[in-house]
Amino acid sequence: MSVRAAVLNGFEQPLLLETFPEPGQLAPGEVLVSVDIAGICGTDVHLWLGQLRIPLPNILGHETAGRIERMGSEPLLDWRGTPLQVGDRVTWASSISCGECYYCRMKKQPTRCLTRKAYGISYCSSDAPHLRGGYAEKILLRAGTAIFRIPDSVSSESLIGAGCALTTAIHASERAPLEWGDTVIVQGTGPVGLAAVVVAKAAGASKIVAIGGPKHRLDLALGFGASAVIDIAELPTAEARQQAALEVVGPHGADQVIECVGHPDAVNEGIVLCRDGGQFVVLGQYADAGNIPFNPHTITRKQLRVIGSWGFEPRHVDRAIRLLENEPGLRAKFEAGITHKFPLGQAAEALDTARRWAGGKTVILPNAEETAN
Amino acid sequence: MSVRAAVLNGFEQPLLLETFPEPGQLAPGEVLVSVDIAGICGTDVHLWLGQLRIPLPNILGHETAGRIERMGSEPLLDWRGTPLQVGDRVTWASSISCGECYYCRMKKQPTRCLTRKAYGISYCSSDAPHLRGGYAEKILLRAGTAIFRIPDSVSSESLIGAGCALTTAIHASERAPLEWGDTVIVQGTGPVGLAAVVVAKAAGASKIVAIGGPKHRLDLALGFGASAVIDIAELPTAEARQQAALEVVGPHGADQVIECVGHPDAVNEGIVLCRDGGQFVVLGQYADAGNIPFNPHTITRKQLRVIGSWGFEPRHVDRAIRLLENEPGLRAKFEAGITHKFPLGQAAEALDTARRWAGGKTVILPNAEETAN
Amino acid sequence: MSVRAAVLNGFEQPLLLETFPEPGQLAPGEVLVSVDIAGICGTDVHLWLGQLRIPLPNILGHETAGRIERMGSEPLLDWRGTPLQVGDRVTWASSISCGECYYCRMKKQPTRCLTRKAYGISYCSSDAPHLRGGYAEKILLRAGTAIFRIPDSVSSESLIGAGCALTTAIHASERAPLEWGDTVIVQGTGPVGLAAVVVAKAAGASKIVAIGGPKHRLDLALGFGASAVIDIAELPTAEARQQAALEVVGPHGADQVIECVGHPDAVNEGIVLCRDGGQFVVLGQYADAGNIPFNPHTITRKQLRVIGSWGFEPRHVDRAIRLLENEPGLRAKFEAGITHKFPLGQAAEALDTARRWAGGKTVILPNAEETAN
Amino acid sequence: MSVRAAVLNGFEQPLLLETFPEPGQLAPGEVLVSVDIAGICGTDVHLWLGQLRIPLPNILGHETAGRIERMGSEPLLDWRGTPLQVGDRVTWASSISCGECYYCRMKKQPTRCLTRKAYGISYCSSDAPHLRGGYAEKILLRAGTAIFRIPDSVSSESLIGAGCALTTAIHASERAPLEWGDTVIVQGTGPVGLAAVVVAKAAGASKIVAIGGPKHRLDLALGFGASAVIDIAELPTAEARQQAALEVVGPHGADQVIECVGHPDAVNEGIVLCRDGGQFVVLGQYADAGNIPFNPHTITRKQLRVIGSWGFEPRHVDRAIRLLENEPGLRAKFEAGITHKFPLGQAAEALDTARRWAGGKTVILPNAEETAN
């Protein structure tokens, strides 16, 4: 018996379908999951293009939901303490932190764990047990993975439609908490930007301005709770965007600006949009895109807080699930946001679709009939 | 009857002694103070050199203590509610915020008040009532000034020896609170850097490394509570300093790094010294010294908090006085830190001494006999 | 020319309509307002019954909106900096804090100001200028009152329908901030309890259980965002209510419990409903209703935070107005919540209606034709 | 080969010396420690007297330091990541939290862990492997124990002299952080009260008043940093104590009052000592000593925060060790605070000495020659 997976063998090369041996006897705590749906994250595109250092060959896919096929030991509890059973629909935090290092233990910053490893990113698929990414029929979860049983009311589509963008935005919101009634400007309407709108709304922002594009992304932002949107195609200069944004949040700037663009130039524009004494959240700079000219005098004079946030912890997955559980409308929007579905055999096309930013969310359905899309 | 003051008539030109009319009948809330001691702040040097925009002519001096000569109304209370009397030894917050604008009222950031004015900085001495700076025999305080009666145990020398550097450091500590036991690296051993050491010590830092020079400033840092000092003359490269600093605070970097240098390059060095998830306080960038190349990816990846702090509020003066009141040793150190005293007639020399960074603190004693120093 | 007002001359006695002289020349900062609507707050009933110490005779009414008739000086700005004009529709913070005492200045707790005075509560109507309460055709606002120009989109009915309960709940939420996604139990469905539901919802609570009654109040709670309600008539024992509440928030209790009942027994019940390490907000104990038996061991062992909050500050009025401005649905609900309207001449009946807890909010329309209700 | 331990077989009965089999092959992560010194905590007296529920028979002792004799696996790291070796001098957090339950994981309150077990408290000594308390020649630490290698500069005497009172006070300080310069009143001068003085001093309190007795405890409080002490024998009424305390901290009360008495009546006295808007920390109510009459109106009107804190986490042990490492003077004081040392054979006398509150700290030296004291 064997398991099929889409493998990245070389940067910018098409993913290839390969087969791996079905895992044998599982060790205690290990869980074998049959993958229902694997989201394609913007990071996957970066990984594919070789913009971040990862081992090759590699089975990508770190936004995944599926069903438990086998467990290495029982009873096994999910992260919330719910007993797991074969057949349960589950998702999991993509990274495992050690829980023991300086950052995990003393500084409570597990996202900076010194030995953190992420499914779909950090594992070489030529090393046994191979199946450590979501673009595959099955994935083998290590003992210690933060697994979450998905509530019946939450569809896997809504969860993967939200993706790791939502958990990332939730973590950022925790690091830079809004005061209730704060005004917020979100720079960027990619997945993280939209998720930042969702979270700012849920956390009590009074006004939310989303700056980005193209138009269908701005419509999504409005649907997710933005008070106003600014189309960078219509207002191509920072000055014009500033003027439009301040008309909504007031002349002094926003209480919080959340950068979700990724291009480093957005940082200087964002700082201008922020009121004195406000918070500027640098959330989009996941990849090292180089230097910008920057004037640190601004930090002192505007009396700013500039806050970084990296990835997320299991409890942010917990919150994402709870948010979806509580808000049916949100689930429907994230489900509807999935515009492209591919079978595993077309993983390369799926990645290319995501790269071309063609629509909404692209996903792979590894165990669906090869007639999808 | 007339009042003598040292006036800045043109940038980089020597201060000139001029006489102004003694104020007549005071309005309610106004207080006329006979100046005992006026500190020369590093900012005064910047002002003298024309590096910040101020009106001319100008009576400099924003670190001042003196005795009440007349009051426009009685009873008048000091900021803490203590009744003031003629003859009382007093100091005051150098700036007056309006208390009513967006920043004062709604955002509680009075240091960013839209109409804030500072004695010794914002007033043109050719406009009546002229006497709005400390380099003068007398200063006329506006109604609404946050005046503090100085406790008997606190000498005016210790207070002006500490200067506005101490209140500035206290404000920064409030904006970026230490967790008890945190490790701290202070970049710079000018007045603000030394004050940052004092405050970090008082606020419970477990290790404090001061990076700066020259040697006599490092000795002061040790006296004020630094666990270790790094001489930039001995370790001229950022790499060497980093290695030395991390030996004290641990290999991951300090929990908090406080930039008190003013040169923008210190910012990139400071961020490297900060542990992931730590706080980087940008406190020294009071003047606009231009751009640096900066990589915002660092903020996201290191999950930092970068915190600016501007000036101080009256309550920070209150705290500074209380700190000196509680710690006799600290008073003695700040008193001893005054190495140069000049009569008013030598205000130009005083400013030049401060500019040459010749020793410790330089002060003017406007009402002392012309034989000082 | 004279001004009519309803005056409380003796506790438990009917309010009597009296006339007072129209104020003459206004002092700078004073504002004379023609009252459109004055809410009857539960506190007014307590005042009427003599349960709180106030001077008599007294014009009650501390929830008021009206139109500016005259101003003692111009330009006069409202609290947000908007210029005020005759005819503007306004409301104001009912209390004036001194801004200078120990609590106002040093501890930033102006609700504990040592000389705080409230319209409709602290002023004797036999002392000139008499008109210091809302149950009157006109009210004379002192200089220094935090006046707010009401945005066009916000009806005075919605604002007074929300009343000081909303600002009180907003202050409490500031003192005991929710973490986004927290579960909340609100004890009591009087005006403060309902407002606590509104604020918890706006601040990002994931589940809100309201415990109270009667049924029409519980329906309001559901309309305002409660996830579930518990009728104390149906579940008369604390044990039954606890079981029902924990079914919603989970077996360990709620992250935050907000006591809005007023009866001291609610405190012990609320502490039981709170999870270990959670927050218990004591918001309803405005009147001194005496002792309860209490076991302080619970505080230590459950590792609780028990948080008190008293009244509100002008910025909470600001937030209340912004909240209403942003949420049309909320405005409609508060407007609909006004079930009884009385002319000034029937102020005694109005108070009695509020005392009997007959319906929703009761208001007085002092300048309406005497045919109201 | 066998191991001797002092066993509590019945409440209020003398501890009896018994022998247990030397543990055999250790499991991975287990550590066998030869006990150098075991502190007698006030809780041990409560346990002895049967005031808390524990299994019998029981080897008491949860404040312990010793040397590693054997390890079940290598390399084994201490909590800070330092490799452990046979012969290392170590201490450890007395409790093990599961890390997986609702409180450990989701609420980050591991002191409220649902399955927490403490050495010297929760284990029945008749169950193998028996050696789970500090009053013994050896103690067998479970895998997962938070072990700390003690730095060479920190004597075991200073660490056990400080005891779990210090870590308890550190946890409380984390839950109720002082603002720098706050005034503090500590109620009680038992071990926890003295530790609260130490921590308040280290955390930046400006004034610390300790209320307690007898005189030698008050002298210790002064030595540890109290600004003033109040002897309950000299001022037997709450009113007199209040007057004396407010003379030091100011007429409005202290910013923070820390109850470390244990008698529930201290709670009402402490609340009176607290300024409006201040923090009241209920730290001493570890045992359930019953109800007091309590008026919850005070919480609302004084706008208080009442904060409980239970036990401590491993990171508080880390901080305690760092505090001692940084302050030689503190080490000397805690060493000098040990006034009674007993061999293991006199454990019953040791416990009785502690119960009689005869002097300072009492300790057992299980492996010392039987000639101690």
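Chains here go by letter, A, B, C and D, matching the order in which they are written, and residues are numbered from 1 within each.
In this section, contacts are C-beta pairs under 8 Å (C-beta built on N, C-alpha and C of every residue); 3 or more make two chains touch, one makes a residue touch a chain.
Note that the coordinates shown come from a computational prediction; the quantities given were computed from them, not determined experimentally.
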item: Same-interface partner of A-C, chosen from the options A-D, A-B or B-D, over half of the pairs matching; value: B-D
item: Between B-C and C-D, the pair with more C-beta contacts; value: C-D
item: Length of the line joining the C-alpha centres of chain B and chain C, rounded to whole Å; value: 44
item: Residue numbers of chain B (touch at least two other chains); value: 102
item: Complex contact set, residues of chain C against chain B; value: 77, 79-81, 99-102, 105-106, 314-315, 318
item: For the chain D and chain C complex, residues of the former touching the latter; value: 102-103, 107, 109, 111-112, 175, 250, 252, 255, 259, 264, 267, 275-277, 282-310
item: List of chain A residues in touch with chain C within their complex; value: 170, 173-174, 177, 179-181, 199, 202-204, 206-207, 319, 322-323, 326
